[in-house]
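Take a look at these structures.
Each of the two complexes below includes chain A, the first together with chain B, the second together with chain C.
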Partner chain A sequence: MLRTLILKEIRDSVSTLKFVLTFMVVVVLVISGLVLGSKNYLEQRGEVNKQRQLNQKMLESQFDWLNAGWAGVIESKKPFVLSTVDNGIDNSLGRLAYVDTLNDARLDESRNLVSPILAVFGEVDLTFVVKIILSLFVILLTYDAVSGEKERGTLKLALANKIPRYQILLGKILGGFTVIAFSFILPLLFGLAFMMGFYNEVLADFNTDAWWRLLIIVAAYLLYLAVFFALGIFVSSLSHRSSTSFVVLLVIWVLFVTIIPRISLATSERIKPYESYTALQTKAYKEVSEKRAAVMDEFLPKFIQIRNRSMMQAFMGGGGQQEPTTEISEMMTDFWRQLGDVQREVMDYYDRQYERQQRSQIELAESMARFLSPTSAMSFAVQSLAGSGWARQREYIDQLRKFRIDFMNYVFEKAEAVEYHSMWDMMDKQKLDVDIGRVSFEFREETLGTVFSRAMIDMAVLALMSIVFFAASFVAFIRYDVR
Partner chain B sequence: MIFEIVKKEIRVNLTSPKVVITYVVCVILILAALITGAMSYLSLKEEAVAQAAAEKDRLRNVFNYQMDFMLNGIYLYREPDVLSVLVSGVEGDAARRGRITFYTGSNFDVSKYNSTPILAIFGMLDLSFIVKVILSLFAILFTFDAISGEKEQGTLKLNFANRLKRGSYIVGKLIGNFILLLIPFVLPLILGLLIVEFTPGIDFSGDDWIRILLIALAFVLYLLVFYSMGMMVSALTKRPVVSFLILLMLWVFFTSVVPRVAVLTAQTLEPVPPLDEVRKEYFSEFGSSQEAFMNSVRGKVEELFESFRTAMNSPDGMRNMQQKQQEMLQGIQEAHDVFAREMSERGSQISREQEMKQDRQNQLAITLSRLTSPVAALDFAVDRLAKTGVYSSDEQFRDSVDDYVKSYTDYARDFLNKRPDLLSGGQGISMEKLDLSEVYPDRSFYVAEPLGESVEASIWDFAILALTAAVFLAVAVVAFLRYDVR
Partner chain C sequence: MLETIDLTKRYEDGVLGLDHLNLKVEAGEIFCLLGANGAGKTTAINLLLNFIEPTEGTALVKGIDVTKEPLEAKRFVSFVSENVMLYPNFSARQNLDYFARLGGKRNLSREEYYNALRRVGLEEGAFERKLKTFSKGMRQKTGIAIAILKDSPVIILDEPTAGLDPKAADEFVHLLKELREENRCIFMSTHDIFRSKGLADRVAIMKKGNLVMTRTAEELEHEDLEALYLDYMRT
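Showing the complex of A and B:
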């Protein structure tokens, strides 16, 4: 019996104009989303290597190793392959990593900063299709599931048979959700097939980890749609006119998708305000300059002494007949190393402080939003899994900081080892011998376990919401006045 | 007669639950948007002022000239525009800090979203968002069943049982319902603006008020587009359910699909080379110029050593040597000057070229999207008027910083001319103080676009909105005149 009900439900929904139109729109959007994502991904991936070659050239042409350290390297942020699916907030986050011995490692120049036109409307990605288009489609499919059948009188007829009420609803739910899952998964498969044909390069970058993540992302999408589906059935079995249930659902949709996330941010900003990044940076800079001055005071007398001596040596020409030593290099390097350490200590302190404050605000806003809006919960889950959110950026910066220490060690090691006869030898420039492997930053993606545990709470919230709404709709339907 | 119908429409609908709910939602959201807008404006402004003060403080105490002033450069901060209270535009992604260094010219790094990603995660709730997304949806909710619904209920037939002209009926209906839609927008807006106006720290100038009026006018025109579209679709369909589905589809397309597609199309048609390629070009020249510079330095040093050696054997050798040393430093300084000027000019030229390409892409994207979606037309109009869009105070700020590069490098060069030893053996250490009045521009170093230009730039958007609304209204009236009321 249940099978008949499910099949009937599927047949009914699939044969409507509404379905055909939406399905076509979804197919087009999913494919174009994946194509654009793939193009962006390939472009960004290419930039990483180009930037590295550039770095090598840049460093080689530097005057000496200390200068090379000041100039530093610029790394293009390595994209994660799932950025093809979800762009998250990545376009607003910095994507060029600056590493040098003078400044703290940082990620700057977001895509949107460089071309703000991108920021005006946002991007078309798979998440956008699910978040906006498919959730609306789910509402369109469910708002008259119960109240509409009542209006048309078919509900009374169905119940005239010897079928338990719960079975009718179960049939509706299973049938309806099959249609929805199908109208998302099929276009997704089309899209993946399309990628296989035209962007196989991208698919080749999918490792097992990435496939698992994609699978979980799809599960999050489906859970999200399930919440709206259950909500639609619930509201439909509470109201007696389909136009009422539609208006109610639409208002809820607007609240979930656009209002609640923004309001929870505004609220948490009020509850947990924090000092701005630039303000802290300025403070830190001030502290750095003070500490630096102390290092300078110690260094200057030594420096002047050596300079005078090496001047004399230069005047004497070859008369001194001294062996070249690394004395000058060591002194200079030590000085710059000390400056770097001072700077790192202070910056680390301020950065940790900033991060702590920021994290607590983000956590507050996120937990408010995720419990109040399935859209937020879904976005957070997908952003964690696709690496398009704040978490991967944070991890990236952490690793970048560690890399900066390696970079400084490498540069100073090299600088120290240079043998000078006198300070004037420093003018004698030779092409630096750069080991590109040691000045290139390799980002290690977080493990599947880490990202999954981050996304788990959001998935759980989504699952819980859909269970609650499903249960509520059963109760409402059992008590529904079908007349 | 028309007046009677207007009154009747308002009276009948004003008490319906739909209207009451939307009114409450509107009042809360509009007030919340304006107040949070005002608060975030104040905190951003405070921050920019504090940053500029701190930067001045730093420059006052510059110790290592080469490192702190030439390599590190100077930071200039942009204060947010007061109209960001109403329209945040692309403010979140716009540059808030410009940096000028001696060798690389200007660049812009900190955006609000990058330093405070939480805002990017959730998006900003501003008045323009509320009108764009929420109020347009309400316009649809108010109109989708205006005609097809009355037909379904049978009241439409009854109306024409009296001696009522169709023309006056539809005009009355259009006016009455539009007034009904404007009330929840206009009243909270006035109230919110009053609250904002009396908030300490926020000053709207006379110009700003004209801008606000124009922005409000753009919002009203935009609502009229969706309103008349709703009426048109309602008059073209027989069942409210159908008209709603069509309208919702159109709404989704206009608000979220079409503008994005337009931007993407522009990106494909007018590609802008990625930044790293531009950098590559720059640095490949940097390398050769630097080599030339180093060669000339080396030559000078050789010369000096040579003269030292000869000086050792002559009676007034020491005096000669000092003079020679002075000459060498001067020579190095001159070579450095040429090198730095070349590089900074080349840098600016490259970024100008890049900007021009970006500009062409932007123009195409703007043209495409404003022609295909009223949302885009509204966005561009209000962003421009509020000075928070793609061509906005951010743009003006960037231009002004670029212009300032020259005075900065001139100053730095003059300073070096006086103290050539700063570059070489002295390791850039200077006990001489920088003259702040020359190094750091005062707050008015960039001015926002004048009102006339903003209006001129947004006039197209107004025209497009007005035209679209007029076409929809005309179709709605014609369709109603031919409507089968049975």
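Showing the complex of A and C:
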């Protein structure tokens, strides 16, 4: 009997014009999303090497190693292959990593900054298709699941037979969800086949880890759709008119997709406010200039004293080329390093302070949003798995900071190794000998276990929401007045 | 075959939908229930089909208590409702196939579905057409075909001729007579006084949840049913 109910549900759903149209839209959007994602991925992947070559040229052309350290390197953030599926907040985050000896390692110049048009129109990726298009499709499919049957008189006809109510609802759930899963998985397979044909080099970058992550992402998408599906059945089982359940579902959809995530952010801004970056920078610069002045005050009298002594020696020793003492050279190096240390120490302190406050606010907003909106829970799960959210960004910056220490060690090693025998040596410009391997940052992706454990909480929230709404649907349908 | 004993329904808002209804319909009998809107006809049908629970009393189908064993009782009942829309994107045959399976009839041949549709007078060209192209009368005929196909001893009809044109209504009356010949028990609520008189073995009038009058076909031969009905409605 269940088979009959499931097959009827599938046949009834796929024979409608709304299904055909939505399915076509989903196919087109999924394929175009994967194509755009692949293009962007290849473009960003290409940028990494180009930027490294540029770094080498830039460093080689510096006056000396201290200057090279100040100039630093710029790393183009290596994209993760699953950015083809989900952009997450990657477009808003920095895509260029700046590493130098003066400032804390940072990411800057988001893609939205470089191409504001992206920010205006947004990009279509697989997550967008699921989050917006498919969730709406689910509502279109379920808003009249029960109330529509009542309006058509078919519910009474069905219940006039020897069938328990729970079985009718189970048939609806299994049949309806099969249609939804099919409407997503089939276009996804089309999209992957398309990539195989035209963007095979992207698929070649999918290692086992990436395929597993993709599989879990698909599971997260399906769980998200299951929440809306169960919700649609539930609301439809509560109302007696399809138009009423449609309006109610639309309002809930707007709340879940757009309002609750924003309210969560606004609430967390009120609970955990923090100073703006500009305000902290102003404080930082004031402190830096005070500390640099102190270094200067300590350095200048010593420098003048040594310089005078040196000039006197030169004068007393008669004409010829004046030989600056090694002391001056060492003193100069030490002075510049001290200035650098002061700036680095202060800027690092304020940058970390800003970052801590920002993290704390984001974490609070995320915690609120994930429990109140399935859209947020799904987005966080997918961003964790696709490496397109805050987590990978934080990991990236953490690793970048470690790299910065290596970079500084390398630069200072080099700077100390250089010996100036005369003033003219210092002025004599020579190409620096740069080991590109030591000034290039290699990001190590997090393991599958790490990202999965992070995504688990969001997936558990989605599963819990589905179960609650399904259970509520059964209760509502058992009590449903079919008259 | 169909029996109600003191069957009563008081709704949550306090309205008395049905007040101690006692009736018995035998196999091979057509029982027509007349009454104004809200008289309690549909409430009686809803109780017989266990769509709602009675406040008091018992409804029996083939001796089975509908409230205690609803699924068992439904094995013996076919139902035709007023203005059934069915599944608009299914053809007449597909609709029949689905409901026949729900009624426990599996693996029927295409010809068996067609025969049921022929029997209710649906034109051949419409058998494989989608229901959304059907007129109200054609949909009603399909609904009746669904009931016939279940092949149950009891057929309950809720205002089945509403919206049918005179020719279709006459064909329908003819069909019900055929079903009576097959010894089926037919319980029908209707507003159609004229056809009830020519069709029913017994006619009853309901008012405000009460059965106020019952007449056999023989008794009605000497009485004007319409005048009787109007009299009861006035008092």
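Everything below uses one rule, namely that the second predicted complex is superposed on the first by the 417 of 483 C-alpha atoms of A that agree within 3 Å, B and C clash if a C-alpha of one lies under 4 Å from a C-alpha of the other, contacts with A are read in each partner's own complex, and residues count from 1 in each chain.
Methods note: contacts are C-beta pairs under 8 Å (C-beta built on N, C-alpha and C of every residue); 3 or more make two chains touch, one makes a residue touch a chain.
Worth saying up front: this structure is predicted, and the values here are computed from it rather than measured.
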Touched partner set for A:R11, first chain B, second chain C, both or neither: second
First (chain B), second (chain C), both or neither touched by A:F470: neither
First (chain B), second (chain C), both or neither touched by A:F234: neither
Which superposed partner A:W65 touches (first chain B, second chain C, both, neither): neither
Chain B versus chain C as contact partner of A:E151, first or second or both or neither: second
First (chain B), second (chain C), both or neither touched by A:Q358: first
Partner chain(s) touched by A:I163 [first = chain B, second = chain C, both, neither]: second
If touched residues of chain A are counted for chain B and for chain C, the larger one: B
Chain A residues touching chain B - in the complex, by the definition given at the top: 18, 21, 29, 32, 36, 43, 47, 50-51, 54, 57-58, 61, 63, 70, 74, 76, 89, 92-94, 96, 102, 107-110, 112-124, 128, 132-133, 136, 140, 144, 242-243, 246-247, 250-251, 254, 258-259, 261-266, 269, 276-279, 282-283, 285-286, 289, 292-293, 296, 300, 303, 307, 314-315, 317, 358, 361-362, 365-366, 369, 376, 379, 383, 389-390, 393, 423-424, 427-429
Residue ranges of chain B in contact with chain A within the complex: 18, 21, 25, 29, 32, 36, 40, 43, 47, 50-51, 54-55, 57-58, 61, 63-64, 67-68, 71-72, 77, 90, 92-97, 108-111, 113-125, 129, 133-134, 137, 141, 145, 240-241, 244-245, 248-249, 252, 256-257, 259-261, 263-264, 266, 272, 274-277, 279-280, 283-284, 286-287, 290-291, 294, 297-298, 301, 305, 308-309, 312, 321, 358, 361-362, 365-366, 369, 376, 379, 383, 389-390, 394, 425, 427, 429
For the chain C and chain A complex, residues of the former touching the latter: 42, 46, 49, 51-52, 71-72, 74-75, 77-79, 81-90, 94, 98-99, 101-104, 143, 146, 150, 156
In the complex with chain C, residue positions of chain A that touch it: 1, 4, 8, 11-12, 15-16, 151-154, 156-164, 481-483
